[in-house]
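Order as written gives the chain letters A, B, C, D, E and F; numbering starts at 1 within each chain.
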Amino acid sequence: MTDRKDRVTALDLPMVDPLPEATAKYFQVCEDKLGMVPNVLKAYAFDIDKLNAFTAMYNDLMLGQSALTKLEREMIAVAVSSENRCWYCQVTHGAAVRALSGDPVLGERMVMNYRTADLTPRQRAMLDFSVKLTKASATIEEPDRQALRDQGFTDRDIFDIASVAAFFNMTNRVASAIDMQPNDAYHAQHR
Amino acid sequence: MTDRKDRVTALDLPMVDPLPEATAKYFQVCEDKLGMVPNVLKAYAFDIDKLNAFTAMYNDLMLGQSALTKLEREMIAVAVSSENRCWYCQVTHGAAVRALSGDPVLGERMVMNYRTADLTPRQRAMLDFSVKLTKASATIEEPDRQALRDQGFTDRDIFDIASVAAFFNMTNRVASAIDMQPNDAYHAQHR
Amino acid sequence: MTDRKDRVTALDLPMVDPLPEATAKYFQVCEDKLGMVPNVLKAYAFDIDKLNAFTAMYNDLMLGQSALTKLEREMIAVAVSSENRCWYCQVTHGAAVRALSGDPVLGERMVMNYRTADLTPRQRAMLDFSVKLTKASATIEEPDRQALRDQGFTDRDIFDIASVAAFFNMTNRVASAIDMQPNDAYHAQHR
Amino acid sequence: MTDRKDRVTALDLPMVDPLPEATAKYFQVCEDKLGMVPNVLKAYAFDIDKLNAFTAMYNDLMLGQSALTKLEREMIAVAVSSENRCWYCQVTHGAAVRALSGDPVLGERMVMNYRTADLTPRQRAMLDFSVKLTKASATIEEPDRQALRDQGFTDRDIFDIASVAAFFNMTNRVASAIDMQPNDAYHAQHR
Amino acid sequence: MTDRKDRVTALDLPMVDPLPEATAKYFQVCEDKLGMVPNVLKAYAFDIDKLNAFTAMYNDLMLGQSALTKLEREMIAVAVSSENRCWYCQVTHGAAVRALSGDPVLGERMVMNYRTADLTPRQRAMLDFSVKLTKASATIEEPDRQALRDQGFTDRDIFDIASVAAFFNMTNRVASAIDMQPNDAYHAQHR
Amino acid sequence: MTDRKDRVTALDLPMVDPLPEATAKYFQVCEDKLGMVPNVLKAYAFDIDKLNAFTAMYNDLMLGQSALTKLEREMIAVAVSSENRCWYCQVTHGAAVRALSGDPVLGERMVMNYRTADLTPRQRAMLDFSVKLTKASATIEEPDRQALRDQGFTDRDIFDIASVAAFFNMTNRVASAIDMQPNDAYHAQHR
């Protein structure tokens, strides 16, 4: 096997070559704004339909309109990814929590044990719901939703919390299944 | 609370009204072909972007081009949903396994314990990988992928198995989080 | 191995031949009333003492005098068998729940996730106790019994709930240990 | 609550009074042979049909004809009861292992961790099967049965191992559900 | 392999020979007071620094000044060791509970299932904390500490409870890792 | 409660004041060499005997003579602490892995999922043993030790691996029990 840091995934699925114009442009935007094309995009780029389906859902959930702040969505992402011990998502979204919060320690807490963070009761309820949904989704019932409402979350907010937590339960598993490696640049960011 | 069978989810998130023309047409196609609009579509229809992102990914994975047969994808869907005890997905995709296989008992086996089914070694490996990915994704390593290759699966097939299994780990959690109810019609189908 | 559907268990333990007169008569009653001899009886019929011990206990618990209705006892049977993922018992007692309740969906809910059913608080407490007894019997303590008393159950009722739940923890394991197959007829019944 | 050592179970279910003649005689035999009536019999004696069903199955399994020695059946009983942490059965059957083996340490090993005992490969396979059946019965498959056959066990022996292990998964749960207390005399026996 | 009862551990690590004078004197004190040198001391005696580090910590925790009685510390030791199913520590500290309490049954209860003992609420809280710390330390939070304070424990007592429970989580693992065998004499003591 | 970052633990146990001369000197050495007194030392300094017992064992295991390199011992420390999700130990020993290896990514891999690191088979075996010992110590048997010997580890090395892994199972639990906070300086080190 190639050393992990020199390849994107464990599968031999090269990107479409040449990339369609829209994809090439999107990747260029990533380079310009982030200084890299995140490896998850390269991993999906063997099939442009799959790439587009992934980015559409990702962008809607993580960047779209929601009463949850982007930081809160990233906190969910990391708490869920920590529970599933997903290497790719802990690294990349851990960096996002550090960036969005301006608090490197918060990123570490989300990775290592979110229960040790000094959170508002609202944020704690949000993460508790997300982690219970991750570990024991069959036992989520009305009192779990009510606990969110009691913290001021609306039904739409509950949908958003559930959707983000559920989405990372998907991507964690895709990433672990194919041993997806994050770009090296994330590790040193926002420390 | 309203009786479960008379509502789609536990959240008060009504469908966009009126539906955009494309959505209305899509729902009509469902009515015509399936005799119903599956409740999962109604559940997402409070936000058309979310609905479209969901259906794009669903249709690519479950109906798009793949070396996995549609029945095999549905078998993964049910084995994963059984592991997560998702009411909505066991009902709807259990019906799909019954329909596509012409074998009502196979649908029941996928719901109750897939290990009791007389599967080919190839299909068994596919489901074992999917269920391990569901329960312990952090422990998936190269030997797990190799076990699939040893049964003749290509790297692209591995991606497809992982993607379908991962997708239902997402939808199971959305459905459980909001107590999504399947349309009644599924229960009696293909018995 | 023979295909599962053409044999009763994975063990080569033929029925006593000829059957004793009382057993033959009992099996004939089954044929007359149910249209079949349930495979569990055939599985035990290699040793008539074991068969009689099993049927005596089964009939006392499931058909004998109790404040629990026969439907309630079958609901416990299925919820426990689902927890243990016993193929034989989910199929056969799932059919019994459908038959006794006249509600096919209730049978499916007991199999797939009993928490999704619209139960009375009394029935929910009964199933919660049964499932906790199944998963973590060492942690059952006085508050668990009190929760049943708070729903109006007497000490005798608690004994009956415990006995039925415990019995299926036995039969689930016998059935799984020898790969017992249910008669095909159950699958289509009461759908 | 009464102190545990002064009552048989946590339920208020007094014995039938007077006991039927056959039961009274059976209890007298216990007194004569064991110096006590085991509390499990008193616990069931509120209903003679239940008592008889229990003793018939118990006596068939633990005292009836089998290629498994009585000590081996007791070893299964304790290993299973330890897994379920059943107070009543660990005490009473732990004493039986000490008595039948003449080896007090073996009884302790079965209670504390059967993997630490110097067992024959045959006995180890028997206990491994019993404990797997206890913890994860849904995953028992043909290779598990074959592992027993490889140690010389016949299909009838497999049935006996499974039946004894399954029986204690029942009685452990009845005992824990009602907080059944063993007679004090067991503790000091065969030390 | 040598029969377990004739060796101290599974590793070939003989004691320093001759023992340093201080160690020899300490072992002689053990012989004089206990009638034996506990095998754990022999197991560590291949390296006197390790032996001394172990005994210093052990003696401070189990024999040093604390508001917890020596019996209470031994109860924690056994409840934790039972959770981890450590053969060495259940045997040796089970004997200590029997000795210090004068109640052989209490020792058995700590080994088999501490929840079945008639404990004071204070002692129950102490053991519940210790067992939760053993099984799910990452989930210990302020309410767990408060539950101890509510029973009258001071912050220093909480430290002592945590330290003793944590210490046995260490020694249980050392003992299991090297298959440490207790001296035979413990088994029959204080029955 | 005080904000976590402004206190050492959740317990009100102030350091002995003034510190004994030897302790004061030791703390000064820490300041000089590390630029701080690690909080774990402050946490134990309410009782100098406890502090000394802890440091004696820590220094012997982590800094004393062993065929395991200091980096390997730190890798065990982090893999175990990750399994137990101990905030204090993941932060502090994660920093040590980064420092000793000169590879910041290796530190992250030990925290997030050690299975994703490109380890030698020898190091992987060492960590697999350590993590199994952490999660299921009762199931460690001769084949687990043999797997280490097969990688060239001696019996003394096995003792060292077991001791380090076991030690962090202790300290993880002490730290979680009292909510011990690492010094802030660790987070940014060796990134």
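We adopt the following convention: a contact is a pair of C-beta atoms (placed from the backbone, for glycine too) under 8 Å apart; a residue touches a chain by one contact, two chains touch by 3 or more.
Just so we're clear, the structure is a prediction, and the values are computed from it rather than from any experiment.
The chains in contact with chain B as well as with chain C are A, D. Residue-number overlap of contact pairs with B-C passes half for only one option from D-F, B-D or D-E: D-E. In terms of the distance between Cα centroids, chain A is separated most widely from D. Measuring from the averaged C-alpha position of chain C to that of chain D gives a distance of 22 Å.
Annotation: 44 Å between the Cα-based centres of chain B and chain F. Residue positions 85-86, 113, 138, 141, 179 of chain C each touch two or more of the other chains. Inter-chain contacts occur between A-B, A-C, A-E, A-F, B-C, B-D, B-F, C-D, C-E, D-E, D-F, E-F. Across the interface of their complex, chain D is touched by residues 3-5, 82, 85-87, 90-91, 104-105, 108-109, 111-113, 116, 118, 179, 184, 187-188, 191 of chain E. Those residues of chain A that touch chain C in the complex are listed here as 138-139, 141.
Looking at the complex, you find that chain D touches chain C at residues 1, 10-13, 46, 49-50, 52-54, 56-57, 60, 64, 84-86, 129, 133-134, 137-138, 140-142, 145, 155-156, 158-159, 161-163, 165-167, 169-174, 176-179. Here chain E touches chain C in the complex through residues 113, 115, going by the rule given at the top.
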